[in-house]
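These notes open a run of structures that come right after.
After this come two complexes, each holding chain A, first together with chain B and then together with chain C.
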Partner chain A sequence: MKPDDVAKGRSAVGSEAGTAALHAAAVPGAVTRVARAGATLRPAAPFLIALIIWWGAWALLRPPDIILVPPNKVFSALLDLVRQGLLDAFIKVSLERLARGVLVGILIGVPVGWLLGLNEDVSRAAEPILRFFNAVSGIAWLPLMILWFGFSERTISAIIVYTMAFPVIFNTMLGVSTIPNRLPNACRTLGAGSLRIIKDVYVPGSFPSVMTGFRLGIGYGWRALIAGEFVVGGGGLGFLIFNARTQGNIAEVMGGMIVLGLLWLMIDRLILSSVEQNIIGRWGLMRT
Partner chain B sequence: MTTLASTAHLPVGERIKRIVLPAVPFVLLLAVWGSAKFVFDIPRGILPDVISVFRVPFTLTDQYLAHTIASVQRLLLGFAVAAVSGLLVGLGAGLSRRFAEFIGPLSTFMNAISGIAWIPLAIAWFGIGTPMVVFIIWNSAFFLVLGNTILGVRLVPRVLEQGLFTLGASRFDVIRHVIFPGAMPHIVAGLRSGLGFGWRAVIAAELVGATVGLGQWIFIAQEFRRTDIIIAGAFTIGAIGLLTDRGILAPLERRTVERWGMAGRAT
Partner chain C sequence: MTQANSNGSTIRASTVESEPPTIAIKSLNHVYFDYQSKKTVHALKDVELEIQPSELVTVVGPSGCGKTTLLNIIAGFIKPTEGQILVNGRPVNKPGKDRGVVFQELAILPWRTVYRNIAHGLEIQKVAKEEIERRVRRLTELTGLEGFENHYPHQLSGGMKQRVAVARTWAADPEIILMDEPFAAVDAMTRQTLQEELLSLTVRTGKTVFFITHSVEEAVFLGDRVIALSARPGRVKADITVPVSRANRSWREMSKNDALQECVEDVLELVRGEATASDRSGGAVSADRTHEA
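So, the complex of A and B:
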């Protein structure tokens, strides 16, 4: 048997597990499709109730505008921001910063994670120091980064990269090191080269864990970005809401928060979980 | 965690390796830091002496203690309120699946904006100081606890519930013996990540909205270019984060997961 056959055999087993997982997933999927009409309305209900409570609290207490404004004012503040072209400009600034930081974080985190995952001595040596610096959140380095790079883009990038790198490193390491030794060994006995083993065993085997690292890292990085924009400024959604507060414009603060939440849900749900599910499903590594 | 007792059976070389290896990067870091400062003559406003950083808790003891205690108190207070309220609402979710499914999407959305994004609004509501910071910690942790509780409740297999009902159990029995214990590992996982996000949020909240606390201290130190205070503060932040997570919540999580017979998860 050639390594090709091994790879095929593995993928056959994988696809079996994959279809089993798909069957399991198909049941709730079918249910949602049938009850779609009702289901689209139901998740909206708690938001409607929250809106009513918000509006009711405002109508009852009539707080000054610098404490709380009714939903319609938030909505018109958002409309104003869109009309001025500020909202999409700020969204663009924030997303670009996030993308840049995430990219560099991945470029650093994945190779380091691989190195640690493949070599036990290296990982034993490096883990405590990495755990320690992971616990020192990126936000805590903001003051030092300001001294080093000033109130600049580089300061924001630095803390996003810092925040992002650790979860990626840990989860890549976990993914690579938990692959059972017999898998690469079996391929090696059958004549597979190192490159082949990396491509067909380590990369797919560590993938789910690497993706978990990305998701976690982007989650932490997103919060670091907001904090960075509070302090450093220079545009972005964090700057928008922080600046709006100093001007006493609560409608803009709340509108900005809603946009932040929606944006985060979109990043998390649409991009990350769909990529994760597609690839993991296809490779028969479905985890629930 | 490797304890000394568990390494006793290992060969001497291996035992030395276990102690020496983790120390190597720390020694290297200090060596590079010290020599870089010496070789490139980096000014104090950019990088402090290694020794001056470790001297901060001793030379500025009063300030150091005051700021650290302020931050830790806020963390504990906010986290305690979040744990209790998260569990109470979570119990509500445990009492009724319909309620859990109902508030699920709202809790997911609130979780997406929890913590740091609330800081400006919290400053508007509470002004600068402890109530604002405590609110931010509560906000960070509460929705994580709640979201995880709801997830846990949903993942309890219905068969177990129905099995108990068939055997004549009351609604209360089912909640007590099936739903709550079944959701427990997720609740603890929520508490743990809540504390992690909460501690990060404390620092962010203190940076921009407090008069005392470690976050505020290192932020002010930046204006005076006191890099020794900044790094000492950052290390303290890391040490407290590590202690609360590894010392309290990771063991709690492990014990819960083991107790309820769930498969081990990565920590």
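So, the complex of A and C:
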């Protein structure tokens, strides 16, 4: 809407007076450019403040390196890791583990959620236990998983799949079961059979909720993964952080933490929320 | 459509004596258990009704009198406890594309554009793309939706959304259209426009329409016949033929036409007793045009 208005204003001015219009046109363009730059920079400001507080606290207290290091030391520690090729190797291990677990979690979660959601009585009965397992986080399962699968890749996969599957099951079920009966009923009167109704009503209708499940599940899975890597090891960001601590390398610990957070921001911003907004935004926030 | 018609008329010609009504409701009784109040509800009692081809029958009655239950049974969404619904002589036991429904609450799909909502029934029936385009264009014209084809429902006003719902049902070209208080949720001004549009649409397309409302004025304005249902359990209390042809009605005429005004008074009189009876149980019938949504 906005750029359109600006463009219209511009052409209107342009048709009246030539050179004056050129000057006038530059102003709204510049204004939008500044506004746009402001909008992209605004989320960076709190990070800058956090950095200043961190550095300020360090400068004030001057703690030993084993307690806290300043930002520049963390930065150079990260640079070293990159130079050694360790950082991207660890990131790769973590992301691969996450991707595998998430994929299996979705493959289990979506069909199960669907089956539970299609029947009203079943979904009502299933809700409390799903909430229960949602609350018992993946980390809480670690001791048992280690007993069952040992300090192995399987333990890590199992907790990610677990933390992924439950939010996905729960939200998929919710998405399917909250579609009002009149929508499938209306399609039935148009001559639609069950498969058609699933395709035209239940799949798109449950989509926003399924996406919420994905987003929550991947977020929980990411945390569970780090915890799993603390305990199980075998590479990955969690291993990097935990291992650096045992060596007393606080700069690497904090560097690993920062990479963790930034990676998640990227996953969430670039992939999940853009898909969500693209599709849900088009349908409107409210279901009619 | 022409094919279906010619087929229909040949069948009718061969069975001259017993031409079945489009809809026949036979000794219908419906009882169900309400989980909220934990009570058994006798919703409909001994309902008998016949609706002829191209007739527009409106049903009025206090809230909770079983109007919507009756519509759901005709649509095939619920099975009656007792009795039968015959459509062209054949018993109804499930929803079918011969009976389109316009719901009280909006039932168009929010993730489809106006065009794709209207086209939905035709897509399901695997109608050719050009034919879909032609029919959707005709209906967007008839319902005043031109220019909104690519809008999503959330970008439309309440009245426009209901137009989409009406157009979608008409596009699929069912023989019968069941409407459950479709204009209850729009403002009074828009409602009058929609009612007039519906009249011309039904006159032009010759559909058989079963229309539920709790507004007596709406019932008289739209109907060839008005069926008054009693408070629960719903029974047919009166079956009134509206004295003016549907083709010549408009709200302007409505206020000036004595025959129509008298008809409103008659139905109101019939329904008033029921309203007070059901007021005690929370229902109401309104006579004015600006009743609440």
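Just so we're on the same page, the second predicted complex is superposed on the first by the 236 of 288 C-alpha atoms of A that agree within 3 Å, B and C clash if a C-alpha of one lies under 4 Å from a C-alpha of the other, contacts with A are read in each partner's own complex, and residues count from 1 in each chain.
The definition used in the following text is that contacts are C-beta pairs under 8 Å (C-beta built on N, C-alpha and C of every residue); 3 or more make two chains touch, one makes a residue touch a chain.
None of the values given here were measured: they were computed from a predicted structure.
Visitor: Looking at the overlay, what does A:Leu147 touch: chain B (first), chain C (second), both, or neither?
Guide: First partner only.
Visitor: Contact-wise, after the overlay, does A:Phe242 reach chain B, chain C, both or neither (first, second, both, neither)?
Guide: A:Phe242 sits against chain B, while chain C stays out of touch.
Visitor: Contact-wise, after the overlay, does A:Lys73 reach chain B, chain C, both or neither (first, second, both, neither)?
Guide: Neither: A:Lys73 stays clear of chain B and chain C.
Visitor: Going by the contact rule stated at the top, is it chain B or chain C that touches a larger number of residues on chain A?
Guide: Counting residues of chain A touched by each partner, the higher count goes to B.
Visitor: Give one of first, second, both or neither to describe whether A:Arg100 is in contact with chain B, with chain C, with both, or with none.
Guide: Neither partner.
Visitor: By the touch definition above, which chain A residues appear in both interfaces, chain B in one complex and chain C in the other?
Guide: The answer is that chain A has no such residue.
Visitor: What part of chain B is in contact with chain A in the complex they form?
Guide: Chain B reaches chain A through residues 17-18, 21-22, 24-26, 29, 45-46, 101-106, 108-110, 112-113, 115-121, 123-125, 197, 199-201, 203-204, 207-208, 214-215, 218-219, 221-222, 225, 227, 230-231, 233-235, 237-239, 241-242, 245-246, 266.
Visitor: State the interface residues of chain A toward chain C in the complex, per the touch definition above.
Guide: Residues 180, 182-183, 185-192, 196, 200-201, 204-205, 207, 282-288.
Visitor: List the residues on chain A that touch chain B in their complex, please.
Guide: Answer in residue numbers: 42-43, 45-47, 50, 66-67, 121, 124-129, 131-133, 135-137, 139-144, 146-148, 174, 209, 220, 223, 226-227, 230-231, 238, 241-242, 244-245, 248, 250, 253-254, 257-258, 260-262, 264-265, 268.
Visitor: Which bits of chain C are touching chain A when the two form their complex?
Guide: Touch residues, chain C against chain A: 75, 77, 94-97, 99-101, 103, 105-111, 120-121, 124-125, 152-155, 161, 168-169, 172, 174.
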